[in-house]
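Listed below are the structures to be examined.
Note that chain A is present in both complexes that follow, paired respectively with chain B and with chain C.
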Partner chain A sequence: MDQTVKRKMHRTIIGFVPGESIMYKLHPVVRLSLYIATGILPLFIETPEISMLFIAIILILFVVANVNLNRLKIFTPMLITVGIIINLTYIFFPIRKEEGLVMFSLLGLDVNFYSTMWAFAIYLRIITLVLSSVFYFSTNRERDILVAMRTIGTPFVVSYFIGLALRSAGIFLEDYSIIREAEQARGLDVRNLSFLGKVKHFSMYLVPLFTLSIRKSDDISTGLFAKGTELTGKIDGVKRADYLRSKLRITNIDKAWLIAIILFTVTVMVVSITTGLLTIEGSWIFQSIEKYFFG
Partner chain B sequence: METKKIIEVKDLVFTYPDGTTALENITIDFYDGEFIAFIGTNGCGKTTFSKCLNGILKASQGSIVVNGIDVVHTKDCMELVKNIGYVFQNPDHQLFNNNIYSEIAYAPRNLGIPENEVRERVIEAAKIAGVSESIFEEHPFFEVKGIRQRIAIASILSLKPAIIIVDEPTTGQDYKQSIEVMEFLKMLNEKLGHTVIIITHEMDIVAEYAKRVIVMTDGKIISEGSVKEVFARAELLEQANIKPPQLTRLAQELKDEGFSPDIITVEEIYSEWKQIKGKNEIAEKA
Partner chain C sequence: MSTQAVNVWKLEEGEVRKPGLSHFVMMALFTGIGVVVGTFGSLAIPLGYVTAFWPGQAIQAVGSIWYGAWGGIASFIFPIISNAISGSAPLPVSLAYIPGNLAQGIIAGWAFRQFAGDPRLKTAKDWALFLGFAIIISNIIGAGWGSTVLRWFGLIAPDAQMTVFIGWFIGNAVASAILGAVMLKFISPIVMKTKTFCKGYWA
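Up next, the complex of A and B:
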């Protein structure tokens, strides 16, 4: 009996990837390049409004790629915590303190203008990086990541271990979710626990989770050994055939995308290094706030 | 004697986050004291259905009422777990305390039961499940699988739920262990009055222990009834890719010789064979 089911979503490391997405028309290498580009570019952009534009572009990519934006909700607490930590760090350890542009005082602490702007710029960069990572892992399965790595010539042993690590992460998360269900079935309501209680409670999982991971990793390694897998990726000195790589060929469209991504990344990097266009001082937001507070 | 309705399921639909509809419009009632077996191929929705009954998974549509509790909308998971316990397929997924005593005491402690009563419940549950008090201090994770399975069952028994769901109780166990687990569940059902629901692929186990069978395929219930009734519906079972026990199949093959197609035990087939043999001998003599 054919049990093939066309699903709206496919399960993967970070949760689910859409069953159908325009991103799948691109070769995994192009997707990886896009991820690297969206991961590197924020580091060259200080201007908050351009960072915000970048965030908007990534969010549009989420929609275009058919990724459910509701998935981002789970990252909200993390982003809020990061925002608080960055702001507090820049308040307690201000930059350009000698220039003395104090916006206001908070509980006896001077809130420095440059520090606040930098905290904001850095925070936007982090949001961009988080969103870019979520986007990549929401549109790529483990096999795509491995195909991309093997296509760009990553040594077999590296991609082999990354593959096992990704699989272990998936197994770990699945076991964790079943253990949580088992707790729920025995009347545990974590909402009633204090923060410390939650941390203490989580530590309880460590023995079963790690023992299960070790048992399963042992099974996987035994299985691979039984099938004669070599870490060199070769059989009798000849490179192993790779089914997925043979199925997923780089097309001319992929090449065009690769060139466009590389050119765009290099252009932004050059502009950032050689001109002041992407600096925080060149920001319209920076100038407006400075004018408002200090005239 | 009228039996009390203990679970009422109406128009139940469950869809997973990946869009797979695992259960479609299930309507069924369960009665107090039943021993029920869910059968069907992998992925037909048996486990999903049982997790919905327990409230671990929240139904997308429809209603489930367990002992008067609205499972779909209740926020009081404590009341629910007092009524319905769920033993997972792999005991390793429900053992997370660092000693066996704490493992069995975990659920009653969650309910806020006083410690002296918790102790009584632990000792009682361990005794019923066949877990020796001498290993109470050991880590449950490092016991052999048969013991881990017993600890998992004891950890649910300590809740004293009216209904116990056991997902594949005999998987990975040898014949002796399987029989021990099943005899234990039979005892819970017959002597202690628990309603027992098992999920299994082993038709011989179903034939021997279950009183009622529910056949599922593609998220739907396609047949239900007593073991004899269900195993006699060969065409429906074929639709669900299930083969009745060997003995039933043999009886069905010998239907033309006068055997009933709903035979499930050795005793039944032997008795019918004696009757048929007797009739044939009389006919030959005549």
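Up next, the complex of A and C:
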């Protein structure tokens, strides 16, 4: 396939999604359930090596789904900061310090073994969650989110509300960039401003931004009223037709994926709750480091 | 010049206000704005599961001052979406945050209506209401609830709860005091002229 076509991206309110992706073969509800599962499962996994496997799988999914990995660069500073802060928190506020397993001292502070391992496990959890979210929003457009919600029986008013909210986030960002470009066109350069100056300047964006939002809210309300939109999702007591859902029908393959995702999630949860297999103490890394430091 | 404070929440004689489609649309738009501001805050200076700079609380508080219960609803919905986009909290944790987020929003709206504060922050009383209820009290409750949720889910060390509480409180309060004050001072005069402005809780 031509690389240009393969790399073609579509703009969404949140970022970009690939023009073509294997994920689009799955019904949006399967993608949503995968996202929910990847958002819940890390809470039941303490073992670092399994978390790392989880991260590796998500990264493979990124490649398979034709998502541009460069998108992850903006999260790098966040992931570094989070790593530092979590480790510092657990150094200053150690857990299970009564066990006395001190690995080494850093500037007069004891670095507790269990705390360090737990900080590592928590950090891996955060990476997993961030990657799962980025993956979901890199392979789903707003309409996919809405179709998924409507398929699982979310009330019309709720899905309509979410649709409007997501659209409004996009409008807000568009308006913001228009105002910023207009200011730049008039010669404004914020790079040399102090932090306080930047804060003050950011505040100045708010007035036109909110004025535009209020005006748009009025326009949308008038438009919906003119169309006779009912938030019940019914027209004369009859459920209104749903074009998007009619275009994206759930297949047997989708159902099989759904069952597999639900079964896998429930199994991991049961294993985590009833056995010690996914605990930090059951980790090979935990045991190896413990053996190295404390014999 | 008259300096007598006007009760902006009092209905004029014969004035009828009813909740309608425009309130629903405004709630959705405000939620969208909250999603953008909240996501930006979550990604800006993250400290683990909390952030050192979360101006989203300004949207929560100001939303409930301007739009009453509609703003209150937006205040607990947009963090679920912005947390999902930024990956800063898993879905079960985001759902558990709901009471705290609701408090971070609705307390300001309640206080301004209860004590007849002016959203344009014209008098010292308005500023006191804003800083006392919209920033300090609401964030104490929100940070207390949020740090407790993180502890329940085992995402923070029990001994670190106070630190997380302080980090959450400062991260929300400082950013929201600045953004919230600017929003109320400069945008309230515009909002108060619109039909979506709520003198009561629903209209």
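Criterion: the second predicted complex is superposed on the first by the 261 of 295 C-alpha atoms of A that agree within 3 Å, B and C clash if a C-alpha of one lies under 4 Å from a C-alpha of the other, contacts with A are read in each partner's own complex, and residues count from 1 in each chain.
In this section, a contact is a pair of C-beta atoms (placed from the backbone, for glycine too) under 8 Å apart; a residue touches a chain by one contact, two chains touch by 3 or more.
Note that the structure is predicted; figures quoted are calculated from it, not measured.
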| item | value |
| --- | --- |
| Contacts of A:73 with chain B and chain C, given as first, second, both or neither | neither |
| Touching partner for A:211 - first (chain B), second (chain C), both, neither | both |
| Partner chain in contact with A:181 - chain B first, chain C second, else both or neither | first |
| Which of chain B and chain C A:166 touches, first, second, both or neither | second |
| Touched chain A residues, chain B compared with chain C | C |
| Shared contact residues on chain A - chain B and chain C | 207, 211 |
| Touch list for chain B against partner chain A, complex | 17-20, 43, 51, 54-56, 77-78, 81-82, 85-86, 88, 90, 92-98, 106-107, 110-111, 139, 141, 155-156, 159, 241 |
| Chain C residues within the chain A interface of the complex | 20-22, 24-33, 35-36, 43, 45-49, 77-78, 81, 84-93, 153, 155-160, 163-164, 178-179, 182-183, 186-187, 190-191, 194, 196 |
| Sites on chain A touched by chain B in the complex | 1, 3, 5, 7-11, 15-16, 19, 175, 178-179, 181-189, 204-205, 207-208, 211-212 |
| Chain A - residues contacting chain C, complex | 14, 36, 39-40, 42-43, 74-75, 78, 81-82, 85-86, 89-90, 92-95, 115, 118, 122, 125-126, 129-134, 136-137, 161-162, 164-173, 176, 199, 203, 206-207, 210-211, 213-214, 216-218, 220-221, 224-225, 229, 231 |
